[in-house]
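Structure below; questions to follow.
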């Protein structure tokens, strides 16, 4: 029995799906201790947008360490943090005329979400956050209340209050979905909020992922998102965009919402932000709301990770070249093109944005088999959506075309094999 | 106006207390961009037990990166993780006959605490966690309910339910304390739990820090802690030790509770665990409780950080040499000896364990001045306890004696200066 | 200043709307201390279905008192209670083949609702109750969570959890309503409950008024109610009918749901149940759920009021004669016929069932004026619905036709006067 | 099988303890359908302070009904209500210089308690109510959170939040009690509230029974109660006295707290207030707090019961004669004197105030047998306290001495018989 079986908690998950021991990795390839290579379409659950051991980043990080750069600093000021902040303003905020403040929180997405929820409640003096069906926002008690998946919710052990879930506004309806998505539902919701006898209390915030990643790669409709923003404004509620998985270039734009014409009050970032896979999380907060924080009211030991600042600064440089995002879009289109082979199967739906593509098999058991087949064929990927019915493809944005094509071929082979087996 | 003032959230805290920009650091010294050096008695809020840029760790980490070791892997198996786990079993668990499973959670202390609370509730099918006055367990909604400080609690924006706070059992009473600490209170609590008309519901767990760090460096009495463990057993409740700040050698033993004769159901670790200041958090869970987890029920993108495994393995090696902890004890005694100079002042109380020493000034304003004086004199430290009235000394365990002495001299000078100013 | 102004709480309400002091009352007439008579279209908020001081009841009650009948008995057995129970079984339960148990609770509607909510949660081991927009179920913390009106909810002072509000299924849409009522919403809700990633937890019960009284005299659509019952069954949730105001003959049938073909798990009754206006409340509970109660788990000092049993038994005798309910239906139709005079005004909507008729003016200020005009013209009635925009007509079922006609003429005059004033 | 067994809910309780069917009752005697008479030391759970069918009250009530007096009026003004209010001011409030407003709520004790809790939360903008071990305040969700008994709490089905329970300050310690009662605990609690890192949130109110009736006939210590009032004032919290069972003369004074020198912010009354056993509940509220109510924010269909006003006015007349309360005290002393026969048994403790006497047997099973023996011997009484270990004697205040003596003899016989059986 391995040490993992002997001593690691029963909670462990991915080591069961990928039953091997990994040693090294580079860009979109991961190698196990037997020397077997895998193409990585999972990218650390969306963290490794710039590939494993991105050379620019590892060099910068090694140099930083060799110079005894401050590694751990909470929210003290460091020169590495200054460079990161300046680069973020230059590359991201200024071009968008975003006056948002940068708030560094404990270096996990859930911490960013918790901080955003706290601030929205503080600002509005209200308690309810509106989240959406299929939303994923984290595992700690505040964010878990906003996470929709009953498997995770069932672990809370106490009631998950002060969040309600509403239908998400997909740009195209998912296979067989009857949840009531779309603008019509927002109009009903508006009427309910304006009726003082509806029983609903006005919300502190609407919190939404523009592309629901864990929820099944559901892409928000532009008109719906604009209507949601309008409703939030009407009600005096904040609009929080959780861009933790879909941000940092994943969808072919820096923010997932860049082409939506919205102006969120708070944006939550994490995952890809630290560049190399070391933790970092940050909220962007409009100054008028940020002023509601008092110093140190929400803390976290590991906020302000300097290795992540150093690697993250390198990550931001990618966006200085407009060609980078164009290439992401090109690769995304390439992935979609591969998947046209599946177009004849009415039980399969392909959806996504940029390089976040979902293949909805409407069957969690089949999706599980596809993942297993892929692993055996040398491809790492994961399933998402209700019951794990959607295959999620999120390779590093920096993947080589050849690896992308090989990986796509494996996906399609695995799906076909699974479908045959199911007959 | 600096980028920090322009763009960093109003929430920022330590950069106000230490108004400079740090660049490099080594062991117990931190240097700012003006080349000014500071002795560090703060150690990243208890993270940097082995000093800044510990040479063994930086070498191991650089080598790991240069070899393209997998950096980010969630809970996949990696060779770096295996080494860490094996070393942890060898150095920590086996010598203590601890059969606990190792559960890696999102790499922040709060995440570990949230997971522990979930599991205790799952196992017992109860909801209430008993925490203690002055407790600090984190900032996310679940752990925040257990954190006692009203400043942090006030940011929640929703009620913090399902946790009650009881008097902590200090080994010696704090200056002027009337909270009702001690074993007598446990006896009352026992009677209340055994009376079916007390209105109290039996708890899922008692969660306690053996040395309350943020709470004011309050050291638990041994008899009290044993009685607490006994009460937990009687009630079918779990005993959770939050050793996030006091563990990893800080108190002169590996676990803070090593000399207490207790056998906790869950131990939460983070801070020093990753060695170098990169994030890592882990719960140790008795196998019979760990079995209540289903795979993946509590996740976290950044769980299983390999740089932290690599540096953390180096950290564990320190404990292979019994001389290391003896040295920690020696240095702790040396600190206490310095502080005997303050013994004549009845308004000052010194307390602590190992190299976590608190100087209780019973006055938050004075403590604030002491911190400012120290910064001006070249020493970094922080205040803790109710109203920030306690100066907390937590230098790296690896600090040079000369730095330790210099730092202690500065502390005493700053206190004297402050006391004079207060006359 | 009167004693009421001097010493009665600022909370007092109806004495402001009807600024006089009442002394006597008989059937549908109430007289004040100046000898002025008022026709009563309010009937004690739906309590006095059989008129004030119903002769049969007062005689029975006086005789009972004169014989020193037990007045107060909690849930001891008394002969008066036996007679009431036997009569209820004979007249109500047996003809409908209802095997429900009779549960006597504290003698207020809210107590009945709280008991029903407790039992549904006990039976299902779930927490969420689904109530509906515009619902009114009471003022204590449990029932208040189900009451939709924000004015009442705002007095709670703590969060009202574990209840969600959904659109009600009106048989015809209310003036300008955009809340999303109807069967389509139930289908969406079904899909949400069946999707394990919707974020919704399966409910313990659906609790509904077949005619929402305080909510604005909204009559449930039959198909909707059947679909709701079907959904409850599918989900393993209970169907609770709150028939507190609409039951006891008010709608032209004994239960409001008699013609709907449904089979509720729990029916809450109060208001008219005690006949004479003395308090009584009772839940009807299917035996299979009732078994989940342990003796005395939900108590109440004033449960089992014997005067209410005595008068209530007389009330039940009314239903032995099928002519009684036919007469209620006839009078209801007569009221509607009067109101056809208002049919030309597109800003007025008349709706209702039996002798519970609402006139929706879509304007709370106008409705308030109508109530004031009516009072001045010698008619007592009240407003309901969102913002008090609906005039509610609920005269005693036993009202004389002449009083009914006079009252209706006053209503119409008051509305016309108000509408003129509003021009 | 009787109709009760066939059709009454399994929840029924007292009919199991007193397995007969009662028909008539007069003063302290109750007769069953077999003509068997019982002396009543239970008095409707403390409702029938003036005996069953008190002649003055029945006459007044019959006359009122014969005159077609308004029976049901919500909070409209009626002449019966005016007389009641005037008499209450004259007999109760004015002599005590109490400026409190009279707030009529739904006619159950729980409704009064819920209203008091709402108002305290409104006034203070805080959420937590401090209640006490062994407290009983009602069965609806708000008051149930304050009720201590786990049997009742277990029926809630949802968490009971926003109330904490503290040790009650008995004037003498109960048999074997180790809950930590008394002033020392209040001092600890004060320190906890004044420590901003205790984790406790300042309370909206302290709610206390001066004599805990259901809780086991525990009499508050005067010094403790004054200290509690002082603590409430210090913290800006309200002091709510729940005098529902102990008020209206039961303890030998009108209010149970008359001799305690306290000045409560809110007093809850019900039970004996309506005189004859018909429901009535009322809160007395200091005007400065009462102003925080808006009209109609807390309603209840059966508030303002006129039969209860009529009989209650007669009840108030008893207190015009100082001899009445002297007689209550005399009878209370007489009961105690009877019980000196039990003084030699160290396993029995007698305690109480006025005519509310508890005999603590420290054994619920024995107490149950005593109750059964008494019933067989022709005496009705009940058990209270944790596990039902205390025999509670609360005969009508108007009981004849001969019945009192006979009843006491039966109690003692039953206890002796039980003790013998237990050997």
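Observations on the model:
Per-chain numbering from 1; labels A, B, C and D assigned in written order.
In the analysis below, a residue touches a chain if its C-beta (ideal position, glycine included) is under 8 Å from a C-beta of that chain, and two chains touch if they have at least 3 such contacts.
Each chain and its UniProt protein: A, B, C, D = Diaminobutyrate--2-oxoglutarate aminotransferase.
It should be emphasised that the depicted structure is a prediction, and the values quoted were computed from it without experimental measurement.
Of all chains, the one whose CA centroid is most distant from that of chain B is C.
Listed options C-D, A-C or A-D contain a single repeat of the A-B interface, assigned here to C-D, on the basis that more than half of the contact pairs agree by residue number. As a whole-number value, the distance joining the C-alpha centres of chain B and chain D reads 49 Å. Centre to centre, using the average C-alpha position, chain B and chain C are separated by 58 Å.
Listed for chain A are residues 127, 151, 158-159, 161-162, each touching two or more other chains.
By the touch criterion given at the top, residues 2-4, 7-16, 18, 20-26, 30, 33, 44-48, 52-53, 58, 61-62, 65-79, 81-82, 85-86, 89, 93, 101-104, 106-111, 114, 117-118, 120-122, 127, 139-143, 145, 151-152, 154-158, 161-162, 204, 270-271, 276-279, 283, 285, 290-291, 293-302, 305, 307 of chain C touch chain D in their complex. Within the complex formed with chain C, the chain A residues making contact are 127, 131-135, 146-151, 153, 159, 161-165, 167, 177-180, 185, 187-188, 190-192, 195-201, 215-216, 385-387. Of all residues in chain D, only 158-159 touch chain A in the complex they form.
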